[in-house]
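We call the chains A, B and C, going by the order they appear; numbering starts again at 1 in every chain.
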């Protein structure tokens, strides 16, 4: 029996991957990169790319906080802000990032990286309110319209306390990220009014209810709304709520614990090349961040409602910023809302 | 029993039908021609997902291989630990036996996310390299309870004098265990191990927190793709796995039958 | 007493030792850390904890909405276990009575679905239960219903998902304890004039009780903690302890409170285990008769 254990131990140690010199480890959601893009990078530079996937920003944060060493993390703005505040990031090597100037400035220097020292935007977008005009009476233009009786039991909201309560906040004329107890109490009350209309709280599969006809309206993330429009052109209406919009940017950073920052910088610079960047938007189906790549994008890549946010609304965009301790107040309101 | 037999067969068939309903859906959708991420709209028959699976640009096959290795190591170690433990506990009443049993079973009773947080903190503090080693340590810990509890159920009420009789006849404790006890409890060990194997193959939460770069197990891969949409290649892979298991079983049966025919 | 003489050299200690060492190394240390965590205070910047010990995390539990979640979870777990028992026991029983060759095949058939990823299986259920899914279409074609039933996003769907996920954990232990049962005892009771039902209740059931109890533990306890089932199949109201712990830990990043919730959950399950041990002890006594 001892021999068996010894043998197993040897096998286990042998199974640990020998990471080649000149490789980088990227931590992100599965499917965020086109395998072809990565293969081309490896062919050109000889740097191997290992993708390790996580399921959510929150999972990633716990792992990064325990000191895991990844060379690049691609995650959402608020999560990157938490990493930055916890001193878990290292500044980008701007000398190596010669293609940085190709980026569209409207996605740079945001709250999670005010001086533009840590991050490269990858996939920005805003949730889209999608509705089925055949099942809905009249035109829908605002979040407030979803409170109407005609939507009884047929609205899908995102299962996200921060985004949904944020929308209520701007609807009530408050800040998207308010930390005022009285304002939030008001939001909690308002939120309860929409409960009878809620079919499901679902961030990933809400489109299923739209397509099956069970939902009259649903919030979809940018890429889902694009796919929806591709699969069933003309079947749905796509709206950005007139009260103002929530916004998110998934961006790339280099953690302080990175073992191969040179390789990481090289990869980031590669992704910002116009001809490479022009393959990213059609893959992610989020907004295009690379101004120099705009002309190189395949014909029609941007011809979707979800990718054309009206300028006046774009100016109102609000991020669900991390609120530290206060985060749990939002979560509690959300739990109460679910249970009510 | 004769008259009840068609009824019992019908019953078993119905339960199995229920168990296989979603599996059938999974298999049917693996042939979906739909190219978009809205994979649940069935648009026609195609083998494209199988083709893509074997070109392996998505890394699913590698993830499957990692998962199989992990499940194998974890099952072997936890089957040994759990079985020996259950047999030992049945032989004698230990003073702290109850406490030990309770503790050993706790991992199966604790929310996975909490076990995961605990493992992450403990393994980090111990300075272990995150990867296959930490995965196996964690998986063995949550697999042991399943084997222990099923083997214990099997041992309960078994005549404790059988191994003793073997001992009285001069067998060493080890020999008594291998030749008497183990064959008697084998069905229990087997069902426990099968459960543990399924648990290990399916675990996402704990695996996610104790894995490192380069060891992505299948469930970690699948759950992480939810945001972009789970690919139908996963369905193709599951269908192939099931088909393999069934074909292997059928082949084994055929082989055994032929051999039986030859010997008689 | 024979056992006393043999006590020193029966090797029992040696057999238990590996499991005991493993348990102390990995379970006691890990859960000890969780217990410690449950008395700490969350850090100022919202990440991690500070070692300022407090009981607040437990007091927070008294909030009525958390108690409601706890109640929901226990209800779900109880319903799941009962259905698993009602469906799984007969299956395990019949499986044990089948011929050895068929037994092996049945065992395989029961476990093989579980080698398909759980998420993929739940996706399968979602497709089946959709408003325009096969089940609704089937019922409509039969003319049993006029318009689609709402199957998805209901408590019933969560129960279905749970039963589906946990059924083998009832079937296999039941099977393994029925399989080793001494059928002569059942025949004896039949010979003495007991009806089949009576023989079942007075002989078979007590003899197989340890397996049934093992099955109940293996279904009841995990069903308190499983969370993604309610996320994918349940409605907005279906919040259970597993979801709550997950959200507190990951979304609110309140580790101490999540740890406290888990400790309470572990205490609850330990209570259940303790009952199992007591009942199990009794069942063994009965079986030994």
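Here are a few things to note about the model shown:
Here is the rule we use: contacts are C-beta pairs under 8 Å (C-beta built on N, C-alpha and C of every residue); 3 or more make two chains touch, one makes a residue touch a chain.
Computed from a predicted model, the values in this text were never measured in an experiment.
Across B-C and A-B, it is B-C that has more C-beta pairs touching. With centres defined by CA atoms alone, the chain at the far end from chain C is A. Per-chain Cα centroids separate chain A from chain B by 34 Å.
One inter-chain figure worth recording: chain B and chain C are separated by 16 Å, centre to centre, where each centre is the mean of the chain's CA atoms. Among all residues of chain C, those that touch two or more other chains are 126, 249-250. Residues of chain A found to touch two or more other chains are 59, 62, 208. Chain B has residues 40, 80, 117, 121, 204, 222-223, 226 in contact with two or more other chains. Within the complex, the chain A residues that touch chain B are 1, 4-5, 8, 11-13, 15-17, 19, 25, 27, 29-32, 35-36, 39, 50-55, 59, 62-63, 66-70, 204, 207-208, 211, 223-224, 227-228, 230-231. Of all residues in chain B, only 36-38, 40-41, 57-59, 69, 73, 76-77, 80, 117, 120-121, 124, 129-133, 136, 204, 208-209, 211-216, 220-229, 231 touch chain A in the complex they form.
Within the complex formed with chain C, the chain A residues making contact are 56, 58-59, 61-62, 65, 82, 85-86, 159, 161, 195, 198-201, 205, 208-209, 212-214, 322-325, 327-328, 331-332, 335-339. The residues of chain C lying in touch with chain B in their complex are 2-3, 6-7, 9-20, 22-24, 26-31, 33-34, 37, 87, 90-91, 94-95, 97, 101, 105-128, 134, 164, 167-169, 172-173, 175-177, 179-180, 207, 210-211, 213-214, 217-218, 221-222, 225, 227, 241-242, 245-246, 249-250, 255, 258-259, 262, 265-266, 269-270, 273-274, 277, 280, 283-284, 287-288. Of all residues in chain C, those touching chain A in their complex are 42, 44-48, 65, 68-69, 126, 130-133, 148, 150, 152-153, 231-232, 235-237, 239, 244, 247-254.
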